[in-house]
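Everything on this sheet refers to the single structure shown next.
As written, the chain order gives the labels A, B, C and D, with residue 1 at the start of each chain.
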Amino acid sequence: MAGPCTVESEKQLMTTALAVRKEGATILRGGAFKPSTSPYGFRGMGEEGLKLLAKARAEFGLAVITEVMTPADVPMVCEYADILQIGTRNMQNYMLLDEVGRVEKPVVLKRGMSATIEEWLLAAEYVLSQGNRNVILCERGIRTFEKMTRNTMDISAIPLIKRLSHLPIISDPSQGTGRRDLVIPLSLASVAAGTDGLLVVVHPNPDEALKDGAQSLTLEQFQGLMPQIQSVAHAIGRTILTG
Amino acid sequence: MAGPCTVESEKQLMTTALAVRKEGATILRGGAFKPSTSPYGFRGMGEEGLKLLAKARAEFGLAVITEVMTPADVPMVCEYADILQIGTRNMQNYMLLDEVGRVEKPVVLKRGMSATIEEWLLAAEYVLSQGNRNVILCERGIRTFEKMTRNTMDISAIPLIKRLSHLPIISDPSQGTGRRDLVIPLSLASVAAGTDGLLVVVHPNPDEALKDGAQSLTLEQFQGLMPQIQSVAHAIGRTILTG
Amino acid sequence: MAGPCTVESEKQLMTTALAVRKEGATILRGGAFKPSTSPYGFRGMGEEGLKLLAKARAEFGLAVITEVMTPADVPMVCEYADILQIGTRNMQNYMLLDEVGRVEKPVVLKRGMSATIEEWLLAAEYVLSQGNRNVILCERGIRTFEKMTRNTMDISAIPLIKRLSHLPIISDPSQGTGRRDLVIPLSLASVAAGTDGLLVVVHPNPDEALKDGAQSLTLEQFQGLMPQIQSVAHAIGRTILTG
Amino acid sequence: MAGPCTVESEKQLMTTALAVRKEGATILRGGAFKPSTSPYGFRGMGEEGLKLLAKARAEFGLAVITEVMTPADVPMVCEYADILQIGTRNMQNYMLLDEVGRVEKPVVLKRGMSATIEEWLLAAEYVLSQGNRNVILCERGIRTFEKMTRNTMDISAIPLIKRLSHLPIISDPSQGTGRRDLVIPLSLASVAAGTDGLLVVVHPNPDEALKDGAQSLTLEQFQGLMPQIQSVAHAIGRTILTG
């Protein structure tokens, strides 16, 4: 899964979609509704962004994953997206979990930034208990005292979840590190630890990104990443599905 | 502000309301919608609980504070409550913050369990920027590695908020410690550090509480607390308003 | 207990000693051997600093507390100091704990910056088990994700230690917050929570301090602190011993 | 680098040394002086343990790494060991760092359990600034709120150190996770992230280990680990040196 943090324009999205498709990504990520720590930050394009995602899907044959932030938006997001994402700040937004538990789309549930693994599995249980069995957990780093990275990726969570649960687990090294130069090594580490997928932020021009440019891979870096992933996956006896 | 964590029954609520009123509390706390880490835990009485709170208000002349968990519930909760509470798990539920920013009731905004002070002030800014100027911050402990307490009360946050903001700040030593035997010393410490108010969980029979009994003061303990608070407040040149 | 973080010169030490003595402090703190995160930072005056401390003791009738960093220095520090301090970085320096356990001077054991309360009590047990029964625990803040303060004071530790142990506990709000403007409120909070003593950094001219100026009280601030402490202590039914 | 956490007996050490040698490990780890959180725990065999390590070295041609805990022991440990280890609790024991900086043996410097990367590099600088240029950093997990693992391995530290410093970095997934079932996936993740070496605890009979049995690999597990490491190293274009 790859794509920009946030949908910014048709051109930005289509360029990225084409590039990630070419390298073998099968799912396009892109935020239309974006949580922003400050009310004065960019909060996404809303439904316009969803329409662009749907257009990219039609054009490139990619499935689309995007975040839903509140129960009332679930039906609208379901119209456009193939996979719903619950962000880290909403991992314990229980009424939202209830709501996505009642639809049939797969749900990617990001780990809360200070959630224990037990709390995370219980949050997944909210979705499961409403009938939606397609929950995918996503490790995206936890908050620690270390200041050089935005979060500390808890790579141990990957094999731990595999022992404790039947749910698939994927890894988001872009949010997990907050630094472009660490995304590739942490992607490879995640694969070596057994991750079932990667969610990577890619932007055609990271320095001009409206959000999270510092952690976005360039298209060239993404191109370099894909064969390395394949190679490490092969080394531990797994195969990566690409499109 | 005092009262049970969760409204459980008319008898439980009325007994507590009477007792806290008698000791001089002016605001009754009580949860009707309760976030529960597990979907199989008790999630509150819902609107029934709100009606009981309104009844206690009418009977004892106490103002009522209760939690609202999702934008769609804001109008209903406003009908019954005098003060809205945003819980720790929803500190960054931005659409909920937007919504309570558009009503006229005061909002108590609890600090997220791993929120920095900067993020907390920015969350308050969501409410303020929608026009609601009555935001009260509430320190309720942060998540650390220490295992003997449920959270670590960040008492420094009290004087820091006073330097950084014009908003009032109150303290919740019940959630902040998770231990009944620490509620009184941490209440007194909060007062000495300059808190503008205390939010204390009181239960007529903590051992039978459906939720958070371990951190609830008994009515007798609450009775003992009030004069001590007065005394420390007086020592630092402040006065506690009681009813 | 009050005094400069580090002994810098005869003039600096004597001015401070005179001032803290006048306000009623009974113990003079001052570092002769100082741990410094960088090897190129100021590491203290060594034995010269100890001699100045002894001189201040003789002149002003104050007891002297100072840090010892390694087993080989214990006899020399014992010659000059009345109380030995084990710093936060050495809380689990077990051979040093063994060594100070074999002398007769009281030992102030600072909490490690990420030590649990259990580990801290077990570190105290190292000293006690060698025969030295005079251990004083010192809460000095723990490491969390919050960036506005150098550490997060764990005020709950004060009443918790009182429940779990017979050892006295004191509080160091200077190291615990790293900010001069928070030292007074956190001192008062510590007293309200039941601390047995305070260890405060005072400097005649904090802006010129070689170390930790940002958290040093001026002599005037210290003068203001003392009556407030008395007042809060009195409010909770305790008396502060002053000289 | 592999071997038991602690040297317990000649038989235990020799069995392990033989097995790890056979699988291609080149350095034998084993503690003779062991930090123990409780003074009543096992603190190691002392010089007897060092002699056994030297015997294993002679017999199997393995280099020996062992911990030194206090400046006064440095000369004795140097007599027996090829590499000195500074444990996590002593990362900021500056007088010990000074002392190992004055000898010629390589020093493995473990990251403090709550040390930032900056503090860790500055601790290395203590050793380097005394003249010893052979410092090897070792990531062994940091302390977080997560309770299912003993520590949280900070895998990002591996590529970060490679960017910030010329020093080699190795990884200790045994201490880093505290769980035998996570040692293999975290070893592979470390290799994929670019680690220069692994320090793994192996015990012929982990259930009877005097210390840290829960995180020790059995000899069979270690046997399974070695070819997987080779395979992942090869996938990222590196070669593992084995004996």
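Keep this in mind: a residue touches a chain if its C-beta (ideal position, glycine included) is under 8 Å from a C-beta of that chain, and two chains touch if they have at least 3 such contacts.
As the structure is a prediction and not an experimental result, all values here were calculated from the model.
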For this session: Please flag the chain sitting at the greatest distance from chain D, going by CA centroids.
Result: B
Problem set entry | Pair joined by more contacting C-beta pairs (A-C or A-B) | A-B
Problem set entry | Relative orientation of copies chain B and chain C, as a Cα rotation angle in degrees, nearest 5 | 180
Problem set entry | chain A-chain B separation of Cα centroids, rounded to whole Å | 34
Seminar exercise, completed: Averaging C-alpha coordinates per chain, one finds the centres of chain A and chain C separated by a number of Å equal to 48
For this session: Hunt down the residues of chain D that sit against at least two other chains at once, touch-wise.
Result: 114, 143-145, 147
Problem set entry | Arrangement of touching chains [line / ring / star / complete / other] | complete
Exercise. Given the complex with chain B, which residues does chain D contribute to the contact?
Worked result: 143-145, 147
Problem set entry | chain B-touching residues of chain C, taken from the complex the two chains share | 114, 116-118, 142, 144-149, 152-156, 158-160, 163, 176-177, 181-182, 185-186, 188-194, 228, 231-232, 234-236
For this session: Going by the contact rule at the top, pick out the chain C residues touching chain D in the complex.
Result: 35-40, 43, 69-72, 89-90, 92-97, 113-114, 119, 122, 125-126, 129, 143
